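Input: one structure, supplied below.
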Amino acid sequence: MDNLTENLNVRPGDIVLLVGKDRKEFIISVEPGREHQTHHGVLPHDAIIGKRWGATVATHLGYTYLILPPSLEQLVRSIRRATQIVYPKEIGYLLMKMNIGPGTRVIEAGTGSGGLTLALARMVMPHGHVYSYEVRPETQALAQKNLAALGLLPYVTLKLRDIAEGFDERGVDAVFLDVREPWDYLPHVHTALKGGGFFGSLLPTTNQVAALLRHLQQPAFGYIEVEELILRPYKAVPGRLRPFDRIIAHTGYLVFARALPGEFNPDLDTRPERFGDPDLTDAAEFIDDSE
Amino acid sequence: MDNLTENLNVRPGDIVLLVGKDRKEFIISVEPGREHQTHHGVLPHDAIIGKRWGATVATHLGYTYLILPPSLEQLVRSIRRATQIVYPKEIGYLLMKMNIGPGTRVIEAGTGSGGLTLALARMVMPHGHVYSYEVRPETQALAQKNLAALGLLPYVTLKLRDIAEGFDERGVDAVFLDVREPWDYLPHVHTALKGGGFFGSLLPTTNQVAALLRHLQQPAFGYIEVEELILRPYKAVPGRLRPFDRIIAHTGYLVFARALPGEFNPDLDTRPERFGDPDLTDAAEFIDDSE
Amino acid sequence: MDNLTENLNVRPGDIVLLVGKDRKEFIISVEPGREHQTHHGVLPHDAIIGKRWGATVATHLGYTYLILPPSLEQLVRSIRRATQIVYPKEIGYLLMKMNIGPGTRVIEAGTGSGGLTLALARMVMPHGHVYSYEVRPETQALAQKNLAALGLLPYVTLKLRDIAEGFDERGVDAVFLDVREPWDYLPHVHTALKGGGFFGSLLPTTNQVAALLRHLQQPAFGYIEVEELILRPYKAVPGRLRPFDRIIAHTGYLVFARALPGEFNPDLDTRPERFGDPDLTDAAEFIDDSE
Amino acid sequence: MDNLTENLNVRPGDIVLLVGKDRKEFIISVEPGREHQTHHGVLPHDAIIGKRWGATVATHLGYTYLILPPSLEQLVRSIRRATQIVYPKEIGYLLMKMNIGPGTRVIEAGTGSGGLTLALARMVMPHGHVYSYEVRPETQALAQKNLAALGLLPYVTLKLRDIAEGFDERGVDAVFLDVREPWDYLPHVHTALKGGGFFGSLLPTTNQVAALLRHLQQPAFGYIEVEELILRPYKAVPGRLRPFDRIIAHTGYLVFARALPGEFNPDLDTRPERFGDPDLTDAAEFIDDSE
């Protein structure tokens, strides 16, 4: 309860989303003594500290900003990025598809700017862990900074490594590859995953999807799925409700598969029989055999 | 490590996804002595117990099934349902948009068959909590059974209540309404949410969305968004990659808003100035004012 | 054959699409003595006249352009516009749905910049006719210029008129309304259409669609349909085939209905029984009763 | 006018769409003395002849049907088919993209059940012509019957021929290939088309699209485009406006290109420089160089 009372107001160190009347948004870490420069005047952090969440604050020129706690979606979209990020719509879906939640041990590569990393870390805490591989030092440094700003570093191990050398972990629950040619690393993925473990990848082109599918035709993998998520935002005007004119219509194709106990055979590229190609009408039924 | 070794094999009480060559899927709780009847013969649970995850098991007629741990997506789609469920694609996205993760306190209504409830419970554990309201006793009983089967009841408080009477909780992080006329309960939502807290709803028709938007034009709410997610599955065949012919093309529109400190004014239905109507190109920037 | 030979080369008066290496496109009417100014130098029309269709032509700076006959899709998209145009994807579809082709008599309002008008004129020629109503003189003048440039004026009667005053024509095959509040003119539409005739409209918001549907619940109209067309362009790169990142995701909702012999009842807004609400799985079967 | 008066009523030989209250639809050719059997009783054609278009007619059991002229969209969807048809949404769009209208000379292969053929014939009449190639005699016979029933045979030449042997026509405006491996026939397409002429194809898989794009990287072709059209039908209920739950989400990818004067080089599969890869924001501008 004490905790609830405190949470009513912005405290030093809090991560704050500021939303202007011009719909311009900023996310800042609030620290006593600092100032935030906007196009509409200066906003001293001290004017934000102690305000109620959801209240407004004015710049020295009288321009007001709404003070909100950022959502995970907003954090992911706001991070400083050197690379293309995985979008929140795909992140939310892969959490569900790859069974990632509190307690999960998950490998990710590459780290990139850390957008997916921070979402994974937020979701597996407090007892799970993210092992995130990246080959470019400056990219990893950016991700580290992003994760540190949000206090999520304790849940992440950042590794500076070409994943062609393999992963250190064994028996992990899930592996997600956001790399150009994920098929090159399937034997390493298989070695790291536990039986029935979840593999996922995000690929922008149909050619990459076809190549990955070809390499997944292995006794070592099964239950292969390809899906695409399209997010359609609407103008939130009650009397003129309509979709946005222009949208981001393509981010990538999601490919999912499961690790099976079979050996990975690098020479194989056809598989006569496949388990579990998903069919829309065949959601599993939960059956109680005690009845 | 000991734990890892154990996890290699299916144990009594484990929730198991069985996938047949005919792509028919079942999810069962494995118990010694029980049997599972399939169209292709009998599958004794004892034949599954002790098997490695990802291995296959055969019925007495020799028909084989793949043994997999189900994903949260598969669990949600598999539960016994008396009502329309919220789909995994929307659940994953609302986790991101409404900042729901480990530690979150969230109210949900109605409970329905418990599909969303189980996903929320899985994601807020171990320290968060789900307060789930439902007015129909038999629906609640079904949800309770579904949650119990997955060991998630400790993270959920099920309440048999018409939410027109209000919510018991105060200062919660998020409220999600999956009801026909969510606008009727906005004052209660506002009372229960903490400042800047997350409100979300899923509505099948454009008329409902317009009505909810009209009622959200309140000083008590802001940052209103309407979005729709379309999931497009593809045939996972490397040489003939193509979208499924027929898909579920509509589940519902997601409406999101934030609770602001202002008073809820039931007589109001226009608001001259609105904060934070989202614009696709304006993701917040994370800004480090220390530099 | 003589005609074919002539058609091999660009002649004075031809409408020409020029496509630069920078993918910048122009459509011009080629006339001896004129010049076309580009960012890459001057292109004398005389350098285009006599060239083979599909050949290239160079500016005085050596920058080359491809010479193509424009498609109807390109013409519609290229016209000088003072208003939002109806997009080619919707035009093509409404031709099919409203049975518009050679010989059709069709009413259209408003004329706007004449994009739809020119497509209709092109498709109903030589024996059909387009009656196009517009209330703004300068908009009509622009449409007239656009139609004249393409030689399509003989197939169009442009009328400067508020359609609240009704249409002059009777027994027409089809009426298409591209106006803000089409429901206001339904009695006039019904008077102008022949029995079973085609009514269509394009509306950007869901609120407008709902309003039009409400007013179509009349004995005077039946077989009501609402449809939306989404065009997804792909990067035409063989090794990196993928959808465009950003697209135009919404132009409008198409509403179609048929005029029935019943009287239009302006006081009516519910209709107990409805014919022919379309169901996707129920395409009509062509049945030969002679067998 | 005389013609108009006659058209008010159904005459012998007319093609009629019948729509039942159960939304079941039939398209029949009305002939004196015949009867149409429905699940709700017998409908003598003589009871339809003389009725006003848009009126209703009752079976001997009193079940009523709405009498409507079918649209081209309904005709295409209703024909007896032995093969997958090209859908009306794609037909309407390719008319616009390939500049097909009254007077156009167009080659099509294969004829299939004649759905596209009848739409093309309807649109190029009275002075254009469709040359339609098919290799299977019984398929061609079905198409011929479908075209004859609609009186469209005068505008079509049906050819029983493997197009690997080439096309007979030269200087045609457009060629549309609805075959499995269209790339095999590109040299023949190029020979048949006039300069700048329109090539189009419809392909269900991404692999086929990539293969066709690879073969179109030729000096003999340019202005290559890939597009997909998604049709989203809505429940036409004013108070509960919403998309259909389940739709046909994929028919095929449309590929368009233009014939250029260059030689077709069968050995080529890369082309260093490409003209006119379309960019969404770059619709051609119609420019009047006389000003």
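In this document, chain identifiers A, B, C and D correspond to the written order of the chains, with residue numbering beginning at 1 in each.
Basically, a contact is a pair of C-beta atoms (placed from the backbone, for glycine too) under 8 Å apart; a residue touches a chain by one contact, two chains touch by 3 or more.
Nothing here was measured: the structure is a model prediction, and the numbers come from that model.
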| item | value |
| --- | --- |
| Chain pair, B-C or C-D, that carries the greater number of C-beta contacts | C-D |
| Proportion of interface numbers common to chain A and chain C (over half same, under half different) | same |
| Centroid distance [mean C-alpha coordinates] between chain C and chain A, Å | 43 |
| Inter-chain centre distance, chain C versus chain D - centres from mean C-alpha coordinates, in Å | 18 |
| Shared interface positions of chain A, touching two or more other chains | 206-207, 209-210, 232, 239, 241, 243-244, 246-248 |
| Pairwise touch network: line, ring, star, complete, or other | complete |
| Parts of chain D lying in touch with chain C, wherever the complex brings them together | 4, 7-8, 17-19, 21, 23-29, 31, 34-36, 45, 52-56, 66-80, 88-89, 91-99, 101-102, 119, 122-127, 146, 149, 170-171, 194-198, 206, 209-211, 213-214, 217, 222-239, 241, 243-244, 246-248, 253, 255, 258-261, 273, 275-280, 282-290 |
| Of chain A, residues touching chain C in the complex | 204-207, 232, 239-251 |
| Chain C-facing residues of chain B, complex | 206-207, 209-210 |
